[in-house]
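Chain nomenclature is as follows: A, B, C, D, E and F, assigned in order of appearance, with residue numbering initiated at 1 for each chain independently.
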Amino acid sequence: MNAFLAIIGRDLRLATRRGGEAALTLGFFVVAITLFPFGVGPEPELLGRIAAGIIWVTALLAATVSFDRLFRADMEDGTLELLALAPLPLELAVLAKAIAHWLLTGLAVTLLAPVMGLMLNLPEAAYGPLVAGLLLGTPALSLLGGIGAALVLGARRGGALVGLLVLPLFLPVLIFGISAVEATLIGLPLAPHLLILGALLAVALPVGVFGSAAALRLALE
Amino acid sequence: MNAFLAIIGRDLRLATRRGGEAALTLGFFVVAITLFPFGVGPEPELLGRIAAGIIWVTALLAATVSFDRLFRADMEDGTLELLALAPLPLELAVLAKAIAHWLLTGLAVTLLAPVMGLMLNLPEAAYGPLVAGLLLGTPALSLLGGIGAALVLGARRGGALVGLLVLPLFLPVLIFGISAVEATLIGLPLAPHLLILGALLAVALPVGVFGSAAALRLALE
Amino acid sequence: MEAVSTFLDMGGYAATVWPAYGVTAVILVGLLVASLRALSRRKAELAALESQMERPRR
Amino acid sequence: MTAATQPAGLVADHLRCERGGRLLFADLCFAVAPGGALLLTGPNGAGKTSLMRVLSGLLPARAGRILWQGRDTVEEPGPWRRALAWLGHDNAIKPQLSVAENLAFWSRLGASGHSVPEALEETGIGHLADLPAAMLSAGQRRRLALARLALTRGGCWLMDEPTVTLDSASLARLGTMIARHRADGGIAVIASHDALDLPGAQALDLGALDTARA
Amino acid sequence: MTAATQPAGLVADHLRCERGGRLLFADLCFAVAPGGALLLTGPNGAGKTSLMRVLSGLLPARAGRILWQGRDTVEEPGPWRRALAWLGHDNAIKPQLSVAENLAFWSRLGASGHSVPEALEETGIGHLADLPAAMLSAGQRRRLALARLALTRGGCWLMDEPTVTLDSASLARLGTMIARHRADGGIAVIASHDALDLPGAQALDLGALDTARA
Amino acid sequence: MPNFLHSLASPARFQRIANAVLPWVSVLAAVLLGVGIVWGLVFSPPDYQQGDTVRVMYIHVPAAWMATFCYAVMALLSASFLIWKHQLADLAARAASPIGACFTAIALITGALWGKPTWGTWWVWDARLTSVLVLFFLYLGHMALSAAFDDRERGGRAAAILACVGAINLPIIKYSVEWWNTLHQGASVFRMDGPTIDNSMLWPLLLTVLGFNMLFVVLLLVRIKSELLARRIEVLQRARASGRG
């Protein structure tokens, strides 16, 4: 347990020390979202219609961008060898890193989403389901994204391959996150969508933890 | 000249060797674009209206994602020291790397854009200005993105910071790329917009080359 | 002759049917040819390697 | 020796390792008792690093077993993981953290018998404790990595070329450190090209095995 | 010595270097004539690597000048860049490329007097030419980096701890290689903790300067 | 079972079986495809609604079926490689993935060509089309990953992990996409019920379906043989490269 907390604490400290990776993922999220009004034009009505979609998709992309660093830095400086040889099972070490990743990206993006919603003229009723969906969906992203990041380690390839591997895994999360918003807007109940997101998270937990650990062991051989 | 071509050739070879980074940036581009219909819904009419914007913004993001690796791998294994100490001026080495980056991302994205347009129901008249704009705009992205990638090296930070630094530099390119499409759709002449994009490229060339080289020297101190 | 041209016309849908069959043929034949050529190339490569290895060994 | 006797310490039983399709060693057997040391030598590419990685468990052996205190380390990794301290070619140092912070993290990650300041003193970098690790010179960095092993008490040290970039004073300190560890009942397996003063150590020359080639 | 005589070879004239706010050396002067060698020694953190980076031009000196063949290397970097061959702590090897491809790239990047196969032979890795560099052992990797210097003819070699992870046969080869280079009229500046056999080399102990500390 | 598979999986044995089977399967594939395609193009009637465009069906539908079938084969092979460590299963999974990608591409392209006259557009974000597209991405990722390692065996294992994770994910994608779509679009104009199939269309379809299956077997065997050779070549090259005698 001590080792588990030590990993989370160290990853948070590394990210908040000097410039702060945390602030930076958020920066990417904010800047990418601000690009869209330039891309699709400033009409508030159109922006409002696509706002939830843009926020969700950008959250996915922001998470993807930060995945590559999740394990690569540890791989290159030899820390991963130590984690794999520590008394703590590698699966738990992976879980600790995923939790730190979520705190730094998923949680942060969730907290910022309402602000972005304001900028994009998101309909008022959509704020609740958007935030609830992100809160349940982003931990699944952190877990599943780990698989892609770990698989790519041995491959000596950068972020792009992670994107290709990881985005199909993200699709169901995206679909149900969006459908939660849509359902609320047309007056349907929200609960079933959140339940499905919860179920996806429950699937992502074992798949992500065991899949990433297996891929990491492979990368270290 | 020999050294200049050697750098381009090596970067292309590294990218096409095994798995192919080239194909992978494209993979990110394609997959990211396919996420949008899930986000904003599948109605062809809506998709067609925002198609050009989505393609441009995603092209920017795809370029951003690949920047981080542009110099970082060379920095970490010591190759950058050799480039900085080689008889070839570092500015030319930077230019060679930017050209290789453009061939691998900008050109590839430009060639794929019409296919993505088909999938997003892009209006027929928009294909020409979209491709022409990308063809002129993406080299500027490769040049300007280099500055961000180089600045970030000294900071020991990953992709997120590059995104933050680089995206504002990209704004003018995005704005005139989009306005070229818009102008054509409402029957205005295309040429002035392309001229401005060309002018931006002309500005980006010296700024990108000298800016990146200066930032790289700083990172190596 | 006319039969052939009506056949080629595909009830006005020549632009749909023929490219579909054409692309399929190109992809599948391409894959087959590529696979066979890789096979024979590797056979030759292996033979060359093995004859090279024989001499220093025995 | 055969594994039937199952002594305390570290036993390798008919190990076999292939890398990149090439056989590095086969039927490799040795036993190191508590307090003992094993010095691996051999030319570049002989397989020293590969053997260390096989022993640690990072690289699966193609055949054979590794026993720690009589138990198979693959079937029962727990005791082996707790006993093991690894020093690879890479130092696993985070440049953003200070020297003391780096070491404190490692000490929470594994079992440790010595405190962070003790370990820093033992490798002679106590005065650098508050410096960001980014500012260390190559040799200071290696000493910080060695301090990680100095945290542990007993157990088995696997050290891949520990002497790299060390100055002569640090070499002497390293010798003292290994002697202290062995006196505590610890085991050290060391791959090195430098002549290290290891009284009573066994030597294994991987270059002399008939399978190995330069 | 003063710089007024402006001899051929490499001259350092009252160099001063500070890192992380700490003075490493000041008023450092030396001259190495063609065919000469300079061996930098000193404890970890004395400033050997820093001095090498200052000489190369990667790290600007706080004060003083560096002259190559009588010309200031900062004002006129061209001749110095063409003459210089750098071996840092990192090997600059791309693991995806084969050994020969790595070397061929370097030979196109700088001036070179020897061919790729010659350089590989000189460091004893000719038989590995077609292997992906990812599969090299630590020592083989270092030898590949050394082969980069072996490509050049004449000029000035700056070598930061070239002996790291080398086996004894490779050490002997390194000695021959440096001797050949010096016989060609080349200069070698070498930082090392290992005793290297460099006949007629000057020695500079950075630890003995009054500013340096361990 | 594993023992039986192991004995079957010895490379020499595989070579013998493959060499014996290949000529027959090749002839069968050629005949089935030849007869099926000529029947479909020339002798089967045009559809009363869709006219001659229906002839695309004789390649589109078998290709779409093969696309999913291939992934199932690949995932099973990958799982058995991870569990029992059959080298041959690794080679076979690696050989299957480009074949599957090609069939998927054919299904996508012929579907798009068919969509233009019948739906008036090349592409819609329909549930079925979208899940095929995602399947295509999974194939691409698999191929890219298995090729991205310096060491073939490790690349194979990484790709096997991906194939297994993707197999869990595939039904999730399929159902979530269908759900997503019905929510947004309501009853789509583009229903895939298709024409009630008449015997005159069923027969050629059946023939091309079988033909595609046989072609798959041919391609798979050829590619496995080729992968086996590639592995031996790599071993020999390594031995020579680092051997020096």
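As a working rule, a residue touches a chain if its C-beta (ideal position, glycine included) is under 8 Å from a C-beta of that chain, and two chains touch if they have at least 3 such contacts.
Since the structure is predicted, the reported quantities are computational estimates derived from the model, not experimental observations.
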| Touching chain A and chain E alike: which chains? | B, D, F
| said: If you average the CA coordinates per chain, which chain's centre is most distant from that of chain B? | reply: D
| task | Specify, for the interface formed by the sequence copies chain A and chain B, whether it is same or different in terms of residue numbers shared by both sides, with half as the dividing line. | result | same
| remark: Chain centres from averaged Cα atoms put chain B and chain D apart, in whole Å, by 46
| note | So, in whole Å, the Cα centroid of chain A is separated from that of chain F by 31
| request: State, to the nearest whole Å, the distance from the C-alpha centre of chain B to the C-alpha centre of chain C. | output: 36
| message | Between chain D and chain F, what distance separates the C-alpha centroids? Give it in angstrom. | response | 48
| Which residue numbers or ranges of chain D touch two or more of the other chains? | 20, 45, 89, 96, 214
| field | Junction residues of chain A - those touching two or more other chains | value | 18, 76, 155-157, 161, 164, 167-168, 171, 175, 178, 182, 221
| remark: Residue numbers in chain F touching two or more further chains are 134, 137, 140-141, 144-145, 148-151, 180, 184, 237-239, 242-244
| message | Help me check something: in the complex, which residues belonging to chain F touch chain E? | response | 150-151, 237-238, 241-244
| Given the complex with chain A, which residues does chain D contribute to the contact? | 56-60, 78, 81-82, 84, 86, 88-94, 96-97, 101, 105-106, 108-111
| note | chain F partner, complex, touching residues on chain E are 95-96, 127-132, 134-135
| query | Within the complex, which stretch of chain F touches chain A? | reply | 134, 137-138, 140-141, 144-145, 148-150, 154-155, 157-158, 161-162, 165-166, 168-169, 172-173, 176-177, 179-180, 183-184
| Along chain C, where are the residues that touch chain F in the complex? | 7, 10-13, 16-17, 19-21, 23-24, 27-28, 31-32, 35-36, 38-39, 42-43, 45-46, 49-50, 52-53, 56
